[in-house]
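The same chain A turns up in both complexes below, where it pairs with chain B and then with chain C.
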Partner chain A sequence: MPDPQPVTVGPGGVAAAGGILLALALAAVVLDGVLAARAAGLPAGAAVARPLDETVRLLRQRRRAPVSSDVLLWRLGGGGLVVVALLMVAVVPLGRWVVADLDVGVVWFNAMDVAVWVLVWLVGWGPNSVHSLVGGYRFLALALAYELPLMFAIVAPAVGAASLRVADVAAAQEGLWFVVWMPVAFVVYCLGVLAFSLWGPFAVPLGRDVAGGVLAELSGVDRLLVQAGRYALLAAGAAFAVPMFLGGGSGPVLPGWAWVLVKTVLLLGALVALRRRLPAVRPELAMEVGWVVLLPAVLVQDLVVAVVVAARG
Partner chain B sequence: MLLDVAFWVLGLVAVASAVLVFVVDSMARATYALALSFVAVGLALLLLEQSYVGVVTVLMMLMEMAVMGVYMVMYMGMNPALMPMSMVHDNRAALGVSAATFVVLAAGALLVPWPVRRGVPAPDVTAALGEALMGRQMLVMVVVSPVMVATIVTGVVLAAGRTRYDRFGDDLDASPPRDPHRGGVGR
Partner chain C sequence: MGLRRWVVGRAVRAARVLVVECPGARPARMAAEQAVAARGWRIAQTPASADVLLVVGEVRGGLDEVVDRLWEALPGPRARADVRTEGDAAAALARAAAVLVDGRGQRADAEQRDAAGAGPGDDTGGHDHDDTGGHDHDDMDMAPDGIPLAEGAEQDRDGLEMDALPVRLGPVLPDWPAGLVIDVVLHGDLVVTAAAAAVGGPEHDPVSEPLPEDTATVAAARCDDVAAVLALAGWEEGARAARSARDVLLARRGDDARATLVDLRHRVEHSRWLRWSLAGTGTVTPERARDLGLAEDVVGDCRDRLLVLITRAEAAARRYGASGLDAPVPDVPAVPLTAVGPLLEGCDLGAARLVVASLGSDLVPDPVPQREAAGA
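Then we have the complex of A and B:
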């Protein structure tokens, strides 16, 4: 049962929100490792310890920076991804609780996902390395293609609920989840989440064909932060979909906060699993697909939602 | 008290990072110093309880600066701006103009007799601001926006090196069009 007036939590709650996001990101790493092991026909046991192994390895690794790299911008870009993911989940209500009950929470989420443009490009620019820079430009090319469809996709639930407050959007889905009658917006939103997390088909900015792209020169704790940021963004995107499309905390038996977590974990698992099922999106072709196919489709979706809302009065 | 501190900190960040645009020697740093300045202004708007306007300012400016950075690196400077560069040209005249502009604007802000508040703020200040800015001029705005779109399209068409005859042939019947790069939807 979603609560239309969520309680803003104190500092302890903020720390808890960060902890939950980190736990979700870790779960995504483990799941991805298990799927990778299974795809390679190896035992999955080692994948469970993988996040810990990799964290310890990167924390012990020495940070290095190429000659005349712009260390300030590089580190800002790399460290910013986790921060942006935290700021995204700040507006997602967990049952009764929310970190920041903004009246324009939907726009806030959008502003944060645009900040990823800046951060990824800076990670590409910073190290003064060709491969990184190519990766940064690839991301911007993809961003121009996916961002407008993503924006109009999150417009649909906001119009459906007649509010930009995330808690209002969740509360407006009593009886019928928005994913049921806004399927196009939901699919485009999920593609956007994959894209701003540099995940699966949208991982070409860090592709092997450009020697790792934006990851090429990252080492030690800097690499750890960027990789953690990607998984955290994926988790934050899944968490934000719950109040927007999946009915928020509504569901039988369990309390609201538990349903939010269950739905987030399920969607996150699906997004992680998609990584090995979709082909890579070529940046030079993405623009036309985004603007000739996805954008009109999602605009029609918005029109349908607006007409339904107007007809209902 | 807390709001006062926030206002002054955001104001100082906005001005200081705007100055940095002309101090730093890298196109990327100049671009993102400007972005930081805009973000500080956007956050300052939140202090006016214009939360929509403030957050949208942050959103648009981050997006704009990310794209502008690409163009700055492409076009500015004799080298393609990958080497150290300066944003300042014709220093003496520029200093004179900017100092004069600053004095005029600051004098205006200080000397104008500011009105005292009558009544109380509207419950939804964002809607009130929109009404005050656009209410009477709605017809003008509605006319201006298609004109602007037409201008953009015309500009792109005039600037494009290849016309539709290059793409579709003299009789405009070539299919698929002859483009140097394939598009993403099979054209």
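Then we have the complex of A and C:
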């Protein structure tokens, strides 16, 4: 049973939250590698050690900066992604514990995902390179398309629970998970997570057609941080969905914290697996989907939720 | 000592290779990519992410300068390997791995680069000033660090003052025809003007590759064209299927390749996502094709041309399956180089890349010299 009054953890708990997030991100990397190996008909064993090899490779590689690059902003952008992911999970209760029990936790998450706009744009802007810059433009084009639907998607559970506090939203799902009667909001939320993690169909800001886009000029530890940031954002997005749509820590037998982790891992796995299924969304078409299809759909969802809540009194 | 060796060993296991394909070296490049995969290494998209620079074929013309610049852009630890023919790649990569593992050699290389001011750090000395291309803008006043600022343009869609940026695309980009360069002017990510040219080819015949000797290799090259379009469209699964058909053909097993291609064609035709995302990209009308001296089969958008490329690959694979290595390969109408530029104008950068790939790799310099002036 999720506790409506969660315990705020101390510094040790903060470190643990960071460790759990990075472990989840690592699990996503390994799963992605295993799926890639299986698709290519290779043994999956090598894929398990691959993230370690890649990390060591990037740590051994030297950093570089092209002529006239804006090094400060470039590296702020690259390093910021992991930080934003950590700040996102700060409001996610893990059973009884939470890093920051904010009254406006839902808005906090939203503010963090908007910070990704700035960070990805800076990673594209920094190196003074055409392909990186075009990658940055592309992300902004996508962001315009996905952000409003994403915002309205997380409004639905908040209205349903009549609270912006994440623990209250989780507690409001005692009987019925929000994903059951807010399926549209859940799907739109998941698309938003894919988009702010630059993942799957929304990976066009680092697409092959722009020679890696925002990644084009990154090497060494700078590249490692950006890649780790993407996986961490994906993991943070999956973790936040658990109290918002998937009933938080509720479930039989296992304690609440274990259910939160299990649900997070399952959703994260599904998001990772989606990557291979779908081709890229061209950024100039993203607005069409975002504002003509997703936005009206999620607004209708919000309306339905509001009417139900009002009728229940 | 043991720890260092362990770290280096792990790092080199995940090495990434930037492949530079010289014109005419297509079969060797395809074999080299297989060798890279066989080592468990991966292909890098840009020099920044690469550990190994693999130069395939004979470096001629202006390409040596490009290769030098790319070599300087590798962050290090770095190794360079040169491959001339299909069989060389595995040995060359093994030598590159030995260079990467050699910590003392790499440190010496790094110190020497730093001393020369040509390290991968925040320098302005060692690099060529314009990593993306060689435009001469010495007459411009505003050029911090030697890079001219973007200029204003008369016909500008958004009225921004500094919004016309000259850039050279190629000759080394992922899924890009060997030896092709396109000088474009960008407004943001929109291609406003484009002019294609060739570098690094033999004098008499700059771009078009000498046809590979046998039918299987030709069919493999056609599959490679298909894989390029699908990879640029961001459909990894499809690109992987096309590459596996290519590898099967290179291994001389034609039947498997045909089955893969038939399946791929079916999936491309029925993919609503692909239809939606490629719809209207780089549309060429019949009149436009005639004006530019292009064959009928470029008419349509990128998806139509992708299907044409798959048909060509299927036809070549079938010919190989039916009649073996010496069968005559179905002829493919070549695309004159001067027609490429005009097709890109008005596309955004990603769409322009798709258009180039969708034309296939049979590019030839324009047979009619007058058109060169008209097309520029």
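One rule holds for everything that comes next: the second predicted complex is superposed on the first by the 313 of 313 C-alpha atoms of A that agree within 3 Å, B and C clash if a C-alpha of one lies under 4 Å from a C-alpha of the other, contacts with A are read in each partner's own complex, and residues count from 1 in each chain.
By definition in this document, contacts are C-beta pairs under 8 Å (C-beta built on N, C-alpha and C of every residue); 3 or more make two chains touch, one makes a residue touch a chain.
All values derive from a computational prediction rather than experimental measurement.
**Q** Counting only touches as set out at the top, which of chain B and chain C does A:Tyr137 meet: first, second, both, neither?
**A** After superposition on chain A, A:Tyr137 lies in contact with both partners, chain B and chain C.
**Q** In the superposed arrangement, does A:Ala310 touch chain B (first), chain C (second), both or neither?
**A** neither
**Q** Looking at A:Arg223 after the superposition, I want to know if it touches chain B, chain C, both of them or none. Which is it: first, second, both, neither?
**A** After superposition on chain A, A:Arg223 lies in contact with chain C alone.
**Q** Check the contacts made with chain A and report whether chain B or chain C touches more of its residues.
**A** Touching more residues of chain A than the other partner does is C.
**Q** Tell me which partner A:Pro66 touches in the superposition: chain B (first), chain C (second), both or neither.
**A** Touch partner of A:Pro66: chain C, not chain B.
**Q** Quick one: classify A:Ala286 as touching chain B (first), chain C (second), both or neither.
**A** In the superposition, A:Ala286 touches chain B alone.
**Q** Could you tell me if A:Val204 is touching chain B, chain C, both of them or neither one (first, second, both, neither)?
**A** After superposition on chain A, A:Val204 lies in contact with chain C alone.
**Q** Once the two structures are superposed, pull the chain A residues common to the chain B and chain C interfaces.
**A** After superposing on chain A, chain A residues 137, 282, 284-285 contact both chain B and chain C.
**Q** Enumerate the contact residues on chain B facing chain A in the complex.
**A** 26, 28-29, 32, 35, 51-52, 55-56, 58-59, 62-63, 65-67, 69-70, 181-185, 187
**Q** Inside the complex, what are the residues of chain A that reach chain B?
**A** It is residues 70, 72-73, 102-104, 107-108, 110-111, 114-115, 117-118, 121-122, 125, 137, 140, 143-144, 147, 164, 282, 284-290, 292-293 of chain A that touch chain B.
**Q** Please output the residues of chain A touching chain C within their complex, sorted ascending.
**A** The contact residues of chain A facing chain C are 39-40, 46, 49-50, 52-54, 56-57, 59-69, 71, 128-131, 134, 137-138, 201, 203-204, 207-212, 215-220, 223, 275-285.
**Q** Going by the contact rule at the top, pick out the chain C residues touching chain A in the complex.
**A** Residue positions touching the partner: 7-8, 10-16, 40, 45-46, 48-49, 51, 73, 75-77, 110, 119-124, 127, 129, 131-132, 144-147, 165, 167, 173-175, 186, 188-189, 231-238, 240, 271, 273-274, 276-277, 281, 348-351, 353-354.
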